[in-house]
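These notes are about the structure you will find just below.
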C-alpha cells in the first residue's frame, strides 16, 4: 500500500500525518521538536506508522468482527498500546536518571539521590501500570498530551514531597530536567509488532481463545501489509532544516489553509496558534489562501507562553485550560512577553489574585493578540477554524469564542480534536497531490 | 475644612469619571443640551480650540484609548513598532465610541498622526477629517502668514460643519475665554510648584484632563473651585524630591504610572502631559485679525516642543528654565515607546541638563502599560539619589 | 552594636544578609561587618513562604533570633516582606552592596532573572547614572535558565562549559523565545554545547557592554552582581565585550555578588536606623 | 556584482558617484562649500546654480549599511543616548559623524558649511537636523514643505514655499557663497533635469513589458541614484539616463529580464508592486529571495521618494522657483494616504502585477504608519494578492532572514496557488 506523509516541523512539536492512496488519514504521530529536527521528524514519522498500523488493524478486524464488538475492543487495545509505550519510556527514564545521578556534581548526595529518584520513577510506573483508564493515556489518546508534560508535572509533584534539607527539590529536578531530554530523543526499541502483541496479552484474559486467535490473525495480516513510502512533504518552522529537496517543502501557511479546508470545507478563516508563531489565514471556497498574517519577530502571546506558565505553576500544559475555566473574574494581564509572563503571574498571585482568575487573564491575553492578527489579515469570516496546539486548550477556546462573538457576531467556530495535526495534514495532502501530478505527467 | 475636603473629593471624582468614560457620555450630554451642536475631536498636541468654540462647537481632545479598552481592531492597522495612541483611536472609532463626533482635527505633530488623518479620510469619508499643518518657519511674514491662512481655511470648514458664520468679534470673544482658561491653568501650575503636597500629581492630572471634554467655561469653574478648596486642606508635606516630567505630550502615561512616580518619592512640579492647554504662554491678543493673532501667538509665544522645529540655537534651554522656575531637583523623561519626536529630542535635552548639572532619568511607557515595577525602581532610585545625597 | 538584616526579593531568588555596624558610623558605615548571608531560589514556590525561609535561614546562619535584629531593610519586591522596617530601591542597594564587597567599585552590572542594569556610582556609592534593558526579557537570567534547561545542563555547569567553547556560534534573534529556536537549530546542526553557550554568553555580554558603554565611567572596577555573577562564562565574555567596546575598566565578581542587594539594603538600614526617632525604634 | 558582467551604465554610475565623493573630499582644500540636505524635496538644481556640493545624510546611512558598518554606527548613537525605538537612518548618520565621518569610498566627508533643511513629508528630518545643528557650528536654513493632506497643492502652499525659498534659502546661499542668485543658471539646470527625467520615466515604464527588462525596486534604487542625489540638473545625468535607456531598450528587444547581482534573472514568474523602502543591510540577500523565485518587481513607490515623475511632473525652466516648490510638494513622502493608495492601485493595473507586497521598515513612521490600511485598500480595489513583510533600513538586528524568507515564499506560493486554481474539488 502506498502512503503519503506530511511532516510539520513546528517550533515546539513535530507532527506527522499519513494518508493512504484514497486520501484517507491512516495515522498520526507527534513528538517534541526539541533539539534535533531530523530525529524529531523520524520519531513523528515512526509514530505515525505505528498508528497507521493500528488503523489498518482496525480495517482487518472489521472483516471478521461486528461493529459493536470492535467499538468495545479497539479503544481498549489502543489504551493498552499507549500504556505499553509509556511504560517503556518510563523505563528509559529510569535508566537515564540513574546515569545522571553518577554526575560528579551530585557526588555528595549520590546514594540518597539515586534512591529517591528511583523511588519517584517507581511511583510513576506503579501509577501507570494500574489497569483502567489512566489520565495520561486517555489524554494522550486525545492527541494532545506528551510524555514529557505529564511526566514532568507528576515528577515535580512527587519530587516536592521527596525533597528535604539533605536532597533538595532543585537536586531532584535537575536530574529529571537532564534526563527527559535524552528520553525524548530516544527512539523506542520495540516496534509495533511486539507492542501490539503485548497489549493483546494484557487484554487476553477478557476474551476467549477463538476470539483471541482471530485477533492475532488480524494482527498478522496487518503486519503483512507493506507500507510503501509514496513521498514526504515537509512544512513548518524547521522545514528548511530538513534534508528535503526544495520541491518537497511547502509553506506552513498553505498547509494550514489546505488542512483546515480539508477538515472543514466551509472554512474561510483559519487561526493557527503554535509554539512560537501565530498565523491568521484567509482561504477561499476551495482551500486556496487569499491572505495571511503572522506575528512579527516577537514571540509574545504564542504557545510557548502557556508552556512557561505551566512550568511556572508546576502544572502540566493540559491542566492550565481546565483550571482557567473555573474563573469567575478574569484578571487583566498586560504583558504577553513570554518570558515576563512568569513574573507577572507571580505578581498577581502575591497580590492575592486567585490562580484561576489569573490564568483566565493569561489565556485572554493570548487570544487578544491573535484577534489583532486576525483583524490584520482581514477579519473573521464564516466559518472560522482554530488550529494548532493551543486549540486543545479549552480556556483559550472559550476566550476566543467570546471575543469573536463580541467583535464579529455569530460565527461557526470549528475545532478538530486533531487540530494540532492540521499543518501536517495539509502537507500530506500536497504530497498525495504531487504524486498524482507525477503519475499524470 | 470639611467642605473643602468634600469639594475636592467631588471635583476629583467627577474628573475621574470623565477620564474613564471612553463612551464620551459628557459629549452626548452636551449634544442633548445643544441641539444641532457639533463636536470636533482634536488629536494632540495643540489645536486652536478657539476656532471651534467660536463656531459654537465643542472641541474635545482625544488621546487614545488609555489602559481600559482592549485593542483588537486597532492593532490591525499598525505594526508593533508604532506607538499605542493611533491604535487606541482606531479602536474607539471602530467600536462606535466616537459616533457622536462630527469631525476630527489632526494637528501636525508627527508622521503617525499625519498618516492617521489619511486613514480617517479613507475609512470615515462622511466625517470631516482635517489635517492642520503648522508652520515650521517662524517668520511672522512667512510662516505666520501661511498659518493664518491655514486657520482661516479651517475656520471655513468649521463654519460649514456647524452651519454658523463666525464673525471676527465672535472669534475674539472665544480667544478671550481661552485666555482666561490659560490663566487659571497657570495658577494651578504655580501652586503645584509652590506646594506640590497640596496638589498630588494624579489629582492635578485628572482635573486638567477634564478640560479635554468639558466646555471651556465649565472647566474654568472647575479649576477655580479646585484651587480654592485645595489650599484649605491639611495635606502633609513628605520628604519627596521635586521633579519635572518631560516627553509625555502626546500619548499619555496611564494614571497608575503617574501615581507610581509619586509613590516612589517624586513630587511632579511640572509636566508636559497636558501641554495642549498650555501650548501658548500668556494671552493671545484680542485685537486685530483674530486668525493673525492666533498665528502670531503660536509663533511668538508657543512653548518649546518636540513637534516644532526649534529655532533656538540651544535646544533644551527652555527646559532648564522650567526646572529652575518650578524649583525642581531633576527631570524625568517619560516618553511613549516608539515616539520619534519625543525620543529624538531627548539626547539634546539631556545634554542641556548635563551642562547645568541637573540630574535626570528616562524611561518609556505605553498608554496601556500595566506593570510599573521597573519604573518604580528607577524613579525610586532617582529619588533616593536626590534625597540621600542631594544638596 | 546595630544588627540589620537586608532582604532582596527578586523574581527568581530571595537573598538575605545580616550586617553588624557601629553606631555613629554614618552613611559610610565604616567598620561594618557581614555576619551571614542566605540565598534561596524561589523556583515555583510561594514567594512569602520563601522569604520566611530565607529570613529564618540567615538568622540561623548568624546564630541570632528575630528579636536581635534592629532593622529589616528590603529591596526588590519589598512589599511582600510584611515584617520590614524600611525599603530601599534596587539600584541604591546594589551600589551600596557592591561598594562594600569591593571598595574600588565604580560601576555595577546587576544581571538578574528578568533584567539587567548597569549602574555607575561615585566613591560614596551614590548612583550617578544607570541604564537598564527594556521591557523585553531577552538576554536575562531567565533566558539563560531556559536555554540551559533545553540543553540539559544545570546553571552551575553553564559557566565552565562556556569557557571551553572555541568557536562560539552567534545567536541572531533579539527575542529570548525566538533565540531558543536558534539554539535548537544549533543543536541539530551539531554545534557543540560549549560553543552554543559561549555564543549566548557573547550575545548577552554584548548587550551588557552596550549598557555599560552608555555610562560615563571613571576608573575603578565594574562589579558584576546578581545571580549571573556566578556564571564565569558570562563574566568572562563581558570582560571581552567591554574591551571590544573600548572600555578599559576591570570587570570583577565576588563570591557574594548575588547578595549585593541584600547587603546594600542592610547597610542602608543601619544608616536609617540611627536616624529613626526613639519611639519608631521601639516599634521596629 | 563583482563577478558578474556589468553593463556600461552600471560602470558609469559607479564612476559618477565615486567622482562626487572625491570632489567632496577635496572640497575643503578647493575652497568649495558643502551643504547637507535631504533626498526627498532636495533643491539640487538651486545648489548647483550656486556651485556648492550637496551631501545627503540618508545616502551615507544606506551606504554604510551596504558596507556593513551601520551596526557600529547605530550602537554608537545608542551609546550617546538615542533610543532603540527611533529611526535608524538618523542614528546611523549621527554614529558615523561621531566615528570620524568617513564616506562610502573611504574618504572623509567634509563638515557642512550650511545645513539646508529642505525636507519633505517626515518630521524626523526636523529632529535630524536639530541634532546635526548641535554637532556642527554652522548656519541652518529651513524649507518647510506643507503636506498634501487633502491630496492637492493649494496656491497658499505654493506661495508659502516660494516665499521661503526667496526670502530664506536663496539669501542663505548667497551669503554662504558670496555670489548672487543666478536665475538663468538655474533655468539651465532645470532644463537638464527635465531631459534626464524623461529618460528615467521611460526606463521605469519599461517594466510594463513581459518579461520586464528591469527590476523596479532592487534595480530601481540604482536607477534613481543619480536622479535623486547630486546629479539632477547636470549633463552627466542626462548622459547616464540616455545610456540606461538604450540598454533597457536593447533588453526589451532581446526579450530579456533584469540583471540581478547573480547575473541575468531566470524566467519571470511573478510580477510584484512593492511599497516601502528596501533593507540595505542585507540588500543582495533580500533581492535574491525574490529573484531566485522568479519574482520581479515591476513598480515601486520607493523609487518615487525623490520625486514623482511618472504622472507627468517635470522640472519647468520657465517657472524656476514655482517648479522647485511643486517638485518638493509632489514627492512620494509628501503624499497623503489616499494618494498613495491611488498610486499603488494604478501601478498594479498599469504593470499587470500579480501582487502587491509591503515591506514595512521599523525605522520609518512616515512610510510605515498606515501601510496595513494601504495594503487592504489596494487589495480591495485591484483584487490582487497582498503580502506583508517587516524589516528595517539599516539596522541589521531587525532583518530576520529566515522570517522574511518564510513570508516571501509563503506569499509567492499563495500567488501561485491562486493562479493555478488547483483544488481538491476541481480535481475530484
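Letters A, B, C and D name the chains as they come in the text, with residue numbers starting at 1 for each one.
Criterion: contacts are C-beta pairs under 8 Å (C-beta built on N, C-alpha and C of every residue); 3 or more make two chains touch, one makes a residue touch a chain.
As the structure is a computational prediction, the values presented were derived from the model and not from experiment.
Looking at contact counts per chain pair, the maximum sits at B-D.
Chain A and chain B, compared by their mean Cα positions, are separated by 51 Å.
Separating the CA-averaged centres of chain C and chain D is a span of 48 Å.
Mean C-alpha position of chain A lies 39 Å from that of chain C. Residue numbers of chain B whose C-beta contacts span two or more other chains: 76-77, 79, 364, 373.
Residue positions 80-81, 372, 390, 400 of chain D are each in touch with at least two other chains. Listed for chain A are residues 296-298, 335, 340, 376, each touching two or more other chains.
The touch graph of these protein chains is complete, with an edge between every pair of chains. Here chain A touches chain D in the complex through residues 240, 250-254, 261-262, 286-294, 296-297, 376, 378, 429, 433, 436, going by the rule given at the top.
Every residue of chain B that touches chain D in the complex is listed here, in rising order: 76-79, 81-82, 86, 108-112, 114-119, 121-123, 130-131, 133, 135-137, 139, 141-143, 145-146, 149-150, 153, 306-307, 309-311, 315, 335, 337-341, 343-348, 350-351, 364. Taken together, the chain A residues at the contact with chain B in this complex read 296, 298, 332-335, 340, 344, 347, 368-369, 371-376, 403, 407. If you check the complex, the residues on chain C that touch chain B are 27, 77, 88-92, 115, 124, 126-128, 130, 132, 134-135. Remark: chain A residues 11, 33-38, 105, 156, 169-170, 173-174, 177-178, 181-182, 237-238, 241, 276, 297-299, 302, 304, 311-314, 335, 337-340, 342-343, 346, 349-350 touch chain C in the complex.
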